[in-house]
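Below are the C-alpha cells for one structure; questions will follow.
First chain written, first letter: the chains are A, B, C, D, E and F, and each begins at residue 1.
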C-alpha cells in the first residue's frame, strides 16, 4: 500500500539533527522528521529544585510547547490563555521521564538540565521528534559539563529515541505524518533505549479497540524505527 | 512471593461498585479497589459542546480530581492554586478517551454525558478504579436517557474496565496498592474492553527499561484482571 | 404548618456523624443533615504559617468546596475555572473562624490543623453541617496530638455546632432543606458553643426586611437546635 | 469610658456624604466616616446579565475594593496578585445584597446599576460606610433614569444604611474606628432600612463568645446609629 | 484655532497638586490636570527587592491603575479579569523609569519607595499627570526618610514632570484632554527634568506618519509645558 | 571608536530576511539582525474581532514572545507563569501599531492578519527586527489575499521598518547588539516608513537625561538605518 508521501510502511521520514543551532544554550538541536521541525535547547544550571537539595543527586526535566502558527490553523498562545493545556502538560512530562530514564542522577551531581522543546512546525510526531532531538541536546549539555570538569562520572547510562506507529486501513505504519495520524485507527508512541529496551509504551485506540496481534506488530515496527533513529543520533554526535 | 497485603501476584484487591450513591446524578457509583475509593458521577445534559453542534453526534468526557486529604499527606487544592496540574489533566483525558471508545456518538444523539471522578481516598490505582467505576455510572446514565426515550438506538457498544500492573523485584503483579506502586520498576495501566481488546496501553519504566518478555507478561496479567473486573461490572449492573 | 418532609417547625433533619471515614486523616467525619452529606477531614501539620512563626501559638483554618455534582444541576469545578468563587471563600472563612473560637492557640503550640470540608451531596445547610462535622474531626485531631504527647495542655476550650433557621410563609423554621431555603424570606445561620453562647450570627433578608420580633424568634429556634447538635456531637465523640 | 477619639459610646464619627464627586458616573458619592473615605460610583447600563434577560426585571450589584495604600501598611493589588481575596468577595456580595433589599426589580425594568465602592482611605467601618454612601449614589442613579423617563414606576422601596458596633472591654460601642475594631471582643455589622428593619445582621465573636444580653445591646445601639445615618442620607439627597 | 475648552494651543489645563491627601502614606498627592484626577501615594519600606539585596542600593517603582468608573464608560476591574492589561503594564513601567531617572540609588540606601498612581477620574493625560504628581509624592517620601535620619545623602538628583502634546487638524497642541486625544493625528508624551533634559520621548502616529518638522514643533511645545509644571511642583513643595 | 564587533557607528549588523520559512503560514519570514533571530508568521483569517464586525474594515495585530532559551540565561515561560509580562505586552502592542500605520483597513475588508513574532535567539534589537521582518510577512499575506481575489483594492499604503539607536560613551550608534544595549546611556527605537516619516519614536534615558542635540543626532542616525532596511525589504520581496 502506497503512503501519502510515497514511503513504504516501515520507512521513516527524512530525519535531520542539526546541532548548535543556538549560540547561548549548553546544547541545542534543530530536529526535523520530514516537515516536523522542533528546536531543542538544553539549559544547565547549578543546583537542583528545592525538594531535592542536599541529596547529591541531579535533575533533568523538559518543557514542550508549540508556536502558535506551527500548525495549519493558528492556535492561541497558552501564555495569552493564562494556562497550559492538558496535551502540553502530558508531552512535557513524557519527554522529561524519557530522558531521566538514561540519566544517573548521582553522576550528574547537584546540577539541573532543562530541555526546552519548541515546535516551530508541526506535521505529526512532534513529541517523538522532540524526544529524539532532546537526547542529542542533552548529550551536548553533558559534554559541556564534562569539559568544565563539573561531573563526578558519566551521567548518561544509554541513549533514547522515540517514534510513532499506527494502524491505517489495517496496515501498521511507521512514523506517521499529520494526515496519517488523523486517519489512524490505532496510534502508538514508543520510547526506546539504544539497546532496544522500552522506556514508554503508549498505545491508544482512536477507532476500534485493537487486539494483541496488532499490538505486537506495532511494537516490532516501532522498535526497528527507533534503532534507526539511534544510529542517526550516534552519527550526529560523532 | 508474598505481597504486602497477603494477595497473590495475580489477585485483585477487594472491589466494590456501589450504584446510586448520590441522589441527584443521572448515574453514580462509589467504586472501591481496596482502600482506594472514587466517587463517579455521570451528568447528562441536552446538547453538545459548541464545536460539535448540529452534527447529530453526542459527546462523553470526564474530569478527575483528588480531595486534598485523599492522600497520606495533604495536597493543596488545585482551585486554590488556580491551575490544574499535569497529572490531573492527563488522567481526565485518559478516562474520557477510554469511555468514548465504547460509545456510538450517533446513537447517543446530541446529548453530553460528563463523568466526574473524585478520589475520596487514594491507595494506588485511582485512575483504573475511576475508569472501572465510571463505566458503570455511564451505563446508568445511558439507561436514564433510554428510560426517557431520548435515544435513537443503543449508544453503548461494549464495556470498559482498567487495571494497573507492575514489576516489583522482578515479579509481575496485578492491581498495585500505593506502597507497591512506589516500589515498582515498571508500571503499566491497561484499559480493556469486555471482550479483551485494548483501548489504552500505557507502560512506563520507572527504574530500568523493560524488555519485550516483561512487557508480554504484564499484558497477560492485566488482561486477565480486566476480565475479572468486567464480571464485577456486569454483576453490579444486573 | 406541615413541612415538605413532614418535620415540625423546630425539628432537625436526621443527623449522623460517622467518625474515621478516612484512613489517612488525623480526624475525619462524614456528617449528614438529611440528604446533605459533607466529608470533613482534619490534617495536622507541625509548624504554623509564616506570619505566626516563633509565636508559640498554633493555628486552625478550613477550606470548603462542593463536588461538581453534589447539586441538582452540575456546577463547573473552581479548579477548572481557575478561581475560587465568593461564596466558597466566604464559607471557608466562616468555618475557620467558628472553630478558632473554641481553640486555645497557646495550648495547641506551633501546630496547624486544617479542616477540609468537601460537600459530597448538597440539600441545604452545607455550611452548618460542615461546621458541626468539622468540630468532631477537629476534636479527633486534637486527640491524635494528645496521644502523641504533642500538646502542652488542652487546646479545646469548648464545642461548637451550627444550624440554619429561616422564616417561610411567616413561620420560623429550623434546619432548612434546599427547597425551603429557596422559599425563605429570611435566612439565618447561627454558630453556637456547647454552652449556648454565640460565635456567629448571620441573618439576611432574602425578601422583605425583618423586624426585631422575628429576629428574636429565629435566635431562640436556632439556639435550641444547636444544643441538640451538641448532644449528638458528644455522643459521637464518646 | 472615654473612647480613643473622645466620642461617647453611642456616638457616630463625623459623617459626610459628598454627591457628584465624579463627572462621568450616573451617581457618585464620596462618603466619609471619620478618616474612612470611600468613593461610591453608580454606573447605569441598559440591559441585564445574561441569566436575567427577557425577564423584564432589573439588576443591582456592587464591587468593593481597597486602594493599596488606603491602609496603614501597603497591601498588594488584587489585580497584580491575579485573584480577588475572600474578604473583598464577601464585602462586595454584602453591599449588593443590601442595596437589592430596597429595589423593586420590576419598576427598574431591564436596567442594571453597578455600584463601585473604592476605599481611598481605611480607618475601620469601610463596608458600612460603603453601603451608606452607595445608597445615596444609587438614589442619584435612579433619579438619572427617572429624569430620562426610563422607569416604569419608582424602583426604590426604601432606604438603607449600615454601621458597625462592637464590645470593647465589656462596653458596647457604635461605629468602631480601626484601633477599636482590632481591640473589640465582638464585632457586628448591621444593615438596616430607613424604617429600622433588619436587612443584614452579621455578628462575630472575635474573642470570647457573646451571650444574648450582649447581642441585644448591640442590636439596639446599631439600630439607633443607622437611623441617624438615614437622616444624613435624607439631608444629602434633599 | 480655538480649543474645545477655550485654551490656546500652548496652554496647560488648570493644574493643582494637593499634598498630604492621605493620612497613612509617607507621601501623597492628589494631582489634577483639568478634570483628570490622579491619587499618588508613596510607600516607603525598609529593604529592597530580592535581586537587589546586599547591594547597598535603593529602589523606586510605580503601579498605575484606573478606577472602573474613572472613565466615561465603566471598564471591568483588572482584579476581576484576573490579569493586568498591556496598557496598565506599559504606564506603570513608564512612571517607574521616569522617577528612577532622578534618583541616586546609593544615597537612598537599601530602601524602597513604591508609588501608587490611581486614576480617580480620567480626561486625557492620566500618565503625564501621574508622573507629575508622583514626583511630588516621591519628594515628600524622601523628606520623610530624611526627617528620620534614614538617608546617607540626598537621593533626589533633580525633578521630573510630564505632559502630552499632539497634532490636531495640523496644529500642535499642549496637554490634550480626552476629546482632543481621540482626534489627534499624532500623540506624544514627554518626560522632562526640571532642567529641560529628556527622560522619555514617546511619539506615535495615530493617523498619518509625521515628519521631522512636526516632531520638532511637538518637542518644543512639550518642553515649555514641562517647565511650567516644574514651577508648579516647586510651589507645591515649598 | 571601534565597536565590539568591529562595525562603524552608523553600520547595521548583517541583515537577512528569509521568506517562506514555514509551510503553513500565509506569510512567514525568518529575520536576522546579526545573531538576533526572529520568526515572523502572518496568519490570515476571514472576519474581524467582535468590536469591529459589520464595519467593512479589516484588522492587523501582533503577538511577540521569546523562547525561554533565546537569551543567555534561560527565562521562565510566560505560559508556565500564567501571565504575560509588561515588556511582552508593550512590544506586541508596538509591533501591531507599527504595521497598522501602513494598512488601509477599508481595502483589506473584513479580514484579520495576525503577526506572530517569536524570538528564537536574542542579541539586542529583537523588537526592531520583529517589525522589520513582520512587514515582509505581512506583505506576503496581503499577496496571498490578492492572489485569491479577496481584496477590494491595495491595503498596503507603504512599508515600515525599525531600528534601535543609542548613545554609548557619548557616541551615537546604530543597531545596538545586547552588550551595547546594556551599556547605552540613552536608548531609542525608531519605526519609520519607507518614505522616511515617523511612525514611532521611543527614546529613554537609561543613565543621564539627554539633551536636544543628542536627540537630533539619534533621529538622523536611525532614519538613515531604516532607509537601508527598507531597501533590504524591497530586495527580499522582489
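In this text, contacts are C-beta pairs under 8 Å (C-beta built on N, C-alpha and C of every residue); 3 or more make two chains touch, one makes a residue touch a chain.
Just so you know, these numbers come straight off a predicted model, no measurement behind them.
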{"item": "Least step count from subunit C to subunit E, where 1 means the two chains touch", "value": "2"}
{"item": "Copies subunit B and subunit E - rotation angle from C-alpha fit, nearest 5 degrees", "value": "180"}
{"item": "Intercentroid distance (Cα basis), subunit D paired with subunit A, Å", "value": "59"}
{"item": "Subunit B and subunit F, separation of their C-alpha mean positions in angstrom", "value": "51"}
{"item": "Geometric centre distance via CA averages, subunit B-subunit A, whole Å", "value": "28"}
{"item": "Chain centre separation (subunit D, subunit E; CA means) in Å", "value": "33"}
{"item": "Subunit C: positions in contact with at least two other chains", "value": "82-84"}
{"item": "Successive chains around the closed ring, taking subunit D as origin and subunit E next", "value": "D, E, F, A, B, C"}
{"item": "Subunit B-touching residues of subunit A, taken from the complex the two chains share", "value": "83-87, 89-90, 92-93, 97, 101, 158, 188, 192-193, 195, 197-205, 208-212, 215, 219"}
{"item": "Interfacial residue positions of subunit F with respect to subunit A in the complex", "value": "22-25, 28, 35, 39, 41, 43, 45, 63, 65, 67-72, 74, 77-84, 88, 114, 116, 118, 120-121, 123"}
